[in-house]
Each structure stands twice: as C-alpha cells, then as structure tokens.
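In the two assemblies presented below, chain A is common to both, partnered first by chain B and then by chain C.
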Partner chain A sequence: MGDEGLLQVRDISKSFGGVKAVKDVSLSLIKGEILGIIGPNGSGKTTLVNLITGFVKPDAGEVLFKDRKITGLQAHKIANLGITRTFQIMRPYHSLSAFKNLIVPLNSPRVRRTTGGRLGDRDAVAMDILEEIGFERDAYVPYKTASSLPLGYLKRLELARCIAMRPEIIICDEIFSGLSMAEIATMVPVLEKLEMEGITIMMIEHRLRELFRLVNRVIVMNFGEVLAEGIPREVMERQDVREAYLGTEVDSVRD
Partner chain B sequence: MDIHILIYGTVNSVIFALIAVGFTLVYGVSRLPNFAHGALYVLVGFLTWSFIHDLKMNYPVAIILSLIISAFLGAIIYRLVLIRLRGMATSEIIASFAVSLIILEGLRMQGIGGFKGFIGPFYILPPFIEGKMRILGVLIDFQRLIIIGGGLAVVSLLWLFTHHTRIGLSLRGIAQDERAALMLGIDSDRAAVIALSIGSALAGLAAVIILPLGNVTAEAGYRVLIYALAVCIIGGLGSWAGTVLASFVLGFAMIVSTALFGAVWESVVLVGAIILILILRPSGLLGKQKELEERV
Partner chain C sequence: MVIEETRRKRLDRGIKVRTESLYALSTWREMAYMILPRLTLILGLFILPLVLSMYWQRVLCSAGIYALLALGFDFLAEYVGLVCLGGALFIGSGGYISGILNAYLDWPPMLTIPIATLGGSVISTLILLPCLRLRGIYFAIVSFMLPLLAVYIIIALNVFGGTEGISALDTFPNIWVEQYIILGAVIFSLFAIRRLVNKDIGLIFRGIMDNDQAVKASGINITSYKTKAVFIASIIGCFGGAYLSHLYSWLGISLFAMDFSIVPIAASVMGGMGTLVGPVVGAFILTPMSEALRGFGQLRVVLYCLILIGFIVYKPEGLMNYLQRKYHQFEYWERV
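On to the complex of A and B.
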C-alpha cells in the first residue's frame, strides 16, 4: 500500500437526470485518521458515500481500497471487504431486541472469514459491543426491542451494527443529527476508541462544533465539488467556505 | 349453521393463506412480484400426478420430488430471467407472467411428441387420508383438517425460520431494508434465489395439500394467482400479518356470502373486497406507506 491512503477516490463523477451531484471529486482517506466531510445540504456528500460503498455506480472515476479498484463491485462485496457505513434514515429490525439486531452482521461472510468461524457465542459478542457503546446492561437496555428505543440509542445501534462487521473503514452519515449535546457526548468517546483501535473513520456531519473535536482533517463540498480541504479552523476561516454555508453553521462553531 | 361457517370458513381462510404465503415471502424479501406463482402451483399438481401414474412412484416420494423441482424452478426463474430485470417492476411482472403462460399453456399443448396435454377431468390427486369425521356436529373430511394443520405448520415453521435461523434473519434483513442489509454483507441476489426457491416450494406445497379437494386443471393456475394477488392487495404487499388477516377476511367473507346469498356471490365478494380496499386504503390493511427518501 502506498502512502496516498487506505481509500482513494479519483476524479469521481455522478449525475442524476442532468444534475451533477458529484463532479470530479478526488480525495484520500489515510489509515487511522478521522476525516470530516462537510458542506451545505445538497452538496453531494451522501452521493459520495453511495459511490464509495457501491450503492451508486459512478459515471466516471474510480475508488481504490488498499490500492485495489472497488468501483463496480456490488455493495455487499464492498462491505465484506471491510468498508461499512451508517445511514441517515435508520431502519433496525424493529421487532427484535437491540442485541439481536447485531446477529446479522455477526453472521456476515466477513466476520465468519476474519474470525475463522471461531467467534463463539454471538449473543455474548453482541452484548459486549452494545455495552461498550453505552447500552446499559444493568438497565436491560440491550434487551429492549429496537422499536422502543429513543433516537440516541438507535443512532448508536446503527454504529454498533457497523462495528459488528469488524470493518477497517466506517463511514458515518450524519450520526450526530437529531441528538442532544448529552447524547453526542456519549458517542464521541466511542468514536475516539474506534480511532485508537486503528479503524479509519469518515464522518459526514452538519454538527460542526462536535465534529471538529474529533477530526484531524476536513473536506468541504459545495455543488458536488471539493471546495476546500485542511485543518478545520483554517478551512472555516476561508471566505468561499463561509459563503457556501451562508453563515448558519459557521456561527454555531463560533459561539 | 354457525359452527359450519366457523369450520368451513377456517378451511377457506387457510387455503387463501397457503396460496398467498409463498407469494408474500418472495415479494417481502426481494420486492419481486412472482406472477408465475400460480403456474408453479399447477405444475406441482401435474408433476405429482405424473410421477404417481406414469412413473409409478409412491405418493409421498412423488410429492417431495415435485416440491424439489418447484424450488429449483424458482431459482432458475430468478437466475435466468428476473435477475436481469431487477428494479423494473413492470418488466418483472410481464416476464414472470410470461413464464406462467409458458408453463400453463405448455401443460395444455397437445400432439407434440405424443404429449396429450393435461386436459380432462381425470387428473385427480388422492386425499392423504380417506374418510370424514364430525366436529361439533359438522361433517368434515380429513383432507380439510390436513389443510388446517398444514397451514398452521407452514406459518409457524416460516416464523421459526425467519426469526431463529441465520439465513432467515438475513432474509428479514433484506426484507426490512435492502440497503442496510447490503451494508451488513448480505448478498441480495442470493437472498432472492433462496426466497424464490422457498416461495415456489410453498406454492407446490399448497398445491399438494389443496388439490385433492378437486381436480388438477391448467386454469387453476390463473385462479390461484388471482387469489394470491387478492390477499396481497387486501392485506398489504409483503406484510405477513396482513397476509394472514386478509386470508381470514376473504375466507370468511366468501363462506358467509355463500351461506346467505348462494355460491354465485363468491366472486362478487372477492372483487368487491378488492375494490373496497383500493378505495379506502390502497396500500392494504397492514401495508407499508411510502417512506421518505434519503437526501442526496
């Protein structure tokens, strides 16, 4: 593997009915980092995630994972290679308890391959993952059905399903949105712990103040293109970035 | 009279459920409307009949062999045809209906290679157990009791399969949210093959349990498809609870209307129920409403 990065996106483009959602975007994700992707609504962030994870096929460009081309692979194959993601709209198995929600990823081809089928009691593994992510076992939270869980727990459950895949890269698509400050405060250490364990994280986020505590580097997108890249504070001082945001989110960083 | 309606209404309802459950499974897991469902139902009836009469197999072996063939056909239909049309709903319907036409009209074809075509009243599958018994004063034959038992067994086994097995859980994963399931490493094509195999075998199972009540005809294939569609329209496409609920609504509505107004009202009730649902609640009694799309 070269120094360029664990994941490299090269000149990728995608149009939907004449509208260029993503335009010649190139970026690289360096092993072990937390990279932030920000930008106003409709700037192409989620499309970029869909292009990387194989949910949308690019019109042009390519994605390399460990120097291997993964564009054109089916989404489940990319997931089994070790790139997993969360979704903005969560749909857990509502009728199942929280820990049973992790049984599907724990039975995935990837987990069976990486553990050589010696994972042991999957229920116990699921419980451990949930406990680490803040599902209080003493209060029987992991046993509650997903449909009865509040948003904060559902977001964490979404992340827990990713962790259960034993991924190398986790792409978080707005996992802070809709959460209270207290709920975000419980998620930040989880992400920091994942970073320490060597998992590379890419975060699409609108909650900039919380994001900037985590990331080393940020990429700003606007109208499907990369507008700026660099250290959060410096990037947010740029005039074009501030104009793209029209003040709203930038103010929330300052106050 | 009331007990009679209760018992025969239940039999009727379970027949609807048996017919629809395979169709629902396939749609629920893979969003594929398998319009060859009724054709597979009839094909299994004819295969079983042929195995018994032409190949002199014994009844249970003939049934099991027919069901295995049906499951394979389901997988082949997906691998050969539907996989290339995924996501194009109209094409999926037309293509699977074309498969249905090939099977059903093929069964009627005569004169090629000495094939006589399955036409005539003598294609009859024997009941599993001959005889009748009285329940609460109502006379009922054993085959109808087997239908009730078989329906209960199929529904409970499917529940166990989808809730407590690895493959079943991944099928539910695909059914609830295909994109999230893909992200958890589930191959949706493999899931669709499994769903179509099981769904086709279920169509066959319904056939061998239900067909001993009458004779095996190619026309039954179209009627079974209409029944499966009616249950799905009324219950809500892809909803398990909706399938069972709609089966009982239709099963009892038909028995009650027959008892009150005569048998000619059966089809009126079927069509009437569909029209009523389409007006009142087009997504079906327990059908899912459209969900919000994720923004770009």
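On to the complex of A and C.
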C-alpha cells in the first residue's frame, strides 16, 4: 500500500426503490488528509457514509481499506478496523451520563486489541477524552445524562465516541450543522489536532466557510454522482457547482 | 379576586446526593439511609416463612418464581430494550429438563436443578436467537408464541408424559429448604442484576436499548450482546422452572402456561418498571392477592384486573418508583 488511497471507493451504487441515491461514485481518501464532501440536500452524501461504514449494503461497487475489500462486512467489524463515523442525527445513549456514553466504544474489540487489554480505569479515560473535546469538568458537564445535554455537546459527544475507538479514519456527518460560530470555533482545533495525530478525516458538511478552513480537498456531489473534485476555491468557482448549489437563475441575476 | 397559582416542586434530599457515591459515607445516619431499605427487603423476605401458615408458605414459594420471572422481564425490557414474553419458555424448558432427569435417570434435585438451569437457558437462548433481530413488539409477539409451539410438539409427539405429564418427582427435604432456596435465589439475582446493569456490560446493554446503531458504530456486535442478555434472563427464569417441577413434584404442559409470561408484566407494572426491585415486590403482592381472592370464585379475575387497572390509572409509575421518589426527594408547593 502506498501513501495514496487509505480508503478507496470504487464505482459504488445504491438505489432505494426507484431512486438512485448513489450512482457509480469513486473516490479515494489519502492517509492523513481532511477530505470534504459537499453537495445539496439529497445528493447522497449520508448514503455514501452508510455504504462505506457498512450500515447499508451497496448494489454494486466496492470499498477497499488498505487494499482490502471491506464491502459486505458487518458494520461493527468495519468499525473495529478503525473506520468510525458520527451520525447526522445524533444518537447518544439518552439514559447514560455523558462519560458513560464512552464506555461502550472503550469496550470494543478494537480498543481492547490496541491497548492490549491494559486501558486501565475506563471512566478516567472517558473523562479525559471528554475534557479534551470541551466538556467542562468543573461544571460537571460530563456527569450530566445525555438526554439533558444541549445540541453542541451532543455533536461533540458523537465525535468523542469516534475518538474513543482510536480510529484511523473518522467520517463526520454534518458535525457542524446547528452549531453556533463559537461552538464551531471550539471544534475546529479538536479536528486539527486529530489531523496532526495522523488520523484521516472525511467531513460531510453544509457549513462551507468553516469546512474550507479545514480541508485540503473537496468533492462535490449532486444527484448521487460526483460532480467535481479539487481544491475548495477552484471547485467553488466552477459554473456547474454553483448551479447545483444556487440554481441557474440566482447566478445570472447576480451577474 | 386574586388567584394564587402554585406548583409542586421536587428536590433531591441532601443525604441522597451525599450517599450516591459510596466513598462519601461518613456518618451512621448516611449509612443507615443506604442500607435500611435494602435490609428491610432482605430481612422482610427471610422472616416471612417464619410467620406464615403452611398454605401461605406454599404461596410464597410460587410468588418467588414469579418474582424471578418479573425480574428477568424488567431487566430485558428496561435495560436491554427487549420486551420478552418468554417467561413460559424459561419455566417450561427448565422444568422439563430437571423433571426428566429426575424421573428417567433418578438424579436428585441437588443435581437436576443446576443442570436444568444451565441447560434450559442454553436451549431457550438458542430458540430465541433467530428472533433477536426483531425489535419491540415483534420480538414480544414471537417470544410469546414459542411456548405454545413447545406445548404442541409435546402433545403431537406424545413424549415426556404427553398431556398427562410426569408425576411423583422428588421433592425438597422439607418446607424450610423449599422456601429459603427460592427466597435466596430471588435476593441473589436481584442484587446481581442491579450490579450488572452498572458494570461495563450493563452499560453496553443500555446502549443497545437507547441506540443500537450507535453501538454498532462503536464496533460492538449487538447480536452477541443481546444473546448474552437473554441468556442471563433465562438463567433466572429456568432456575424458577427447575425449582417449580420439584416444588409441585410434577411436570406437564402447564409449565408452558401463559401465566408465566403475563403475570411478570402485571407485577412489573404494579411494582414499577425499571426499578428491578419493583417487579419483585409486585410479584410478592400479586401472587398472594390472587390466592386471597380465590374465595370470590370466577369474580377473582375481575377483581384482579380492577386492581391492576387501578394501578395503571392512578399510579402508572408503579409502587417502587413512587416509594423511591418519596424516599429520595422532598416536595413543596411553590408560588408561581
């Protein structure tokens, strides 16, 4: 395996009934990069995440992780290989306190394997991860039950659950949506730090301004297909991308 | 006229907050606050056989069996998210195995009960395994049907005594052993399960209940954990079944009776779902009550249902949720 293509998606397709949610999408995720995936609502971004992480089985095509085929594996097995994801609609464990939420990934076979079973006090590890991601310990935020946490913390909890897995790839599904500028400002350094640690990140996002500060490369999807790929600024200059996002009329009015 | 509006506010007692972490216990008063409710339950159950008459002692034994089933039901429903109406399956498989070992091989209850507990729970878990993919009401329906299947297999093949059953199984040496075995089992399983739900494995169970997709994304095989949970609940239930066949010195298709699936739900509703101790208390109230109402003949069921409906309407949270709230919190009226 070279430096290129830690994760490779090849001609993957999926339809739900008559709707082709994802059509022959190919992309590769390079080790250590932050890749952005953007596109209008319904362009198949979340389905793509579900296909990669095994939550949905593809109709055609394959996904390779370190040159090994992972399509068809069960979702928990893919997670144990080190490909973790957040959910667009947050899925916390409502009845558990925030730090107990992390006990679940800390008990995964992957964590047990990578730490050789010597993780030590799991509660303490969970607490450290949460503190790093911005759960103020002095204000007892990590002790609050997930059902009582506001949106900003729930989004961070999603990311914390990925970090707890000690992953190689984190796929963030709209982790900024619904957050205030201040909240995003606290999330960005966390993601930058993960990148520095060598974790590859794929971000699906609608908040383009914030996204473009982080990513080196962006892929635009529209109607289940890859529309464009490249450096953020160049991609956004393209006429077809602007049309996909804004529609033709708006563009012509402004010109 | 000025109408003063007030609302009821509830606050945790200071002592509750202090005693939540074990390390904070410093005074006798705080220790008593922690220990007394538990001690009341344990001592209460252990003293009961000493004050009851022969007839009610037998009732106590069957109440214990229902308490075990109710505990298993509450554990699966409120801590794993599986509504399992397979109580009859657990009782039936445990009861049949211990009865058959005793009748055909002449093994003593000391041996048949542990074997039946383990063997029965392996069998019931295997039977429930294909249904574990189902969620919510669908799992409930299928687990409710399976005991009926077992009944028809036994009748159709005319094995294990067929419709007649097998009688004259070995009984326990005396009534004291009989009672304290089941009471000990109830207390032990109650505290074991309470511990389990706060351990890591218990947290994973609760994660599966809250959000199974997220548990998958955390690299955990939910089917294997659901299997473990069902196995734990069926150990408790199958012990009850194995005990039952020796208690009545008889086995037959009524070990698969619907009562064993339904009474635990009633006990849980009455006692308070999700408290674990509630369903146990509920079973120890409902079973004797059902006996006490025997004098009313056919009206018994009507009265029984009225009491249950009364509970659902007036105290839907159940007995123990209510009592625990009263114990841990104080209320006051606040002017708005």
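Just so we're on the same page, the second predicted complex is superposed on the first by the 244 of 255 C-alpha atoms of A that agree within 3 Å, B and C clash if a C-alpha of one lies under 4 Å from a C-alpha of the other, contacts with A are read in each partner's own complex, and residues count from 1 in each chain.
Here is the rule we go by: contacts are C-beta pairs under 8 Å (C-beta built on N, C-alpha and C of every residue); 3 or more make two chains touch, one makes a residue touch a chain.
What you see is a predicted model, and the numbers here were worked out from it, not measured in a lab.
Undergrad: Do chain B and chain C fit side by side on chain A after the overlay, or clash?
TA: clash
Undergrad: Determine, under the contact definition given at the top, whether A:N41 touches first (chain B), second (chain C), both, or neither.
TA: In the superposition, A:N41 contacts chain B only.
Undergrad: Looking at the overlay, what does A:T71 touch: chain B (first), chain C (second), both, or neither?
TA: After superposition on chain A, A:T71 lies in contact with neither partner.
Undergrad: With both complexes superposed on chain A, which partner does A:Q8 reach: first (chain B), second (chain C), both or neither?
TA: After superposition on chain A, A:Q8 lies in contact with neither partner.
Undergrad: Does chain B (first) or chain C (second) touch A:A21, or do both, or does neither?
TA: After superposing on A, A:A21 lies in contact with chain B but is clear of chain C.
Undergrad: Answer with first, second, both or neither: which of chain B and chain C does A:Y93 touch in the superposed model?
TA: Both: A:Y93 reaches chain B and chain C.
Undergrad: Across the two complexes, what residues of chain A are contacted by chain B and by chain C?
TA: In chain A, positions 53, 55, 74-77, 79-80, 84-85, 87, 91, 93-94, 103-105, 107-111, 161, 165 sit in both the chain B and chain C interfaces.
Undergrad: Please output the residues of chain A touching chain C within their complex, sorted ascending.
TA: Of all residues in chain A, those touching chain C are 53, 55, 74-77, 79-80, 84-85, 87, 91-96, 100-101, 103-105, 107-111, 122, 161, 164-165.
Undergrad: Going by the contact rule at the top, pick out the chain C residues touching chain A in the complex.
TA: 200-201, 203-204, 206-207, 209-211, 213-222
Undergrad: Over in the complex, which chain A residues touch chain B? Could you list them?
TA: Interface residues on the chain A side: 16, 21, 41-42, 44, 46-47, 53-55, 74-77, 79-80, 84-85, 87-89, 91, 93-94, 103-105, 107-111, 161-162, 165.
Undergrad: Of all residues in chain B, which touch chain A in the complex?
TA: Of all residues in chain B, those touching chain A are 166, 169-170, 172-173, 176-177, 179-188, 291-292, 294-296.
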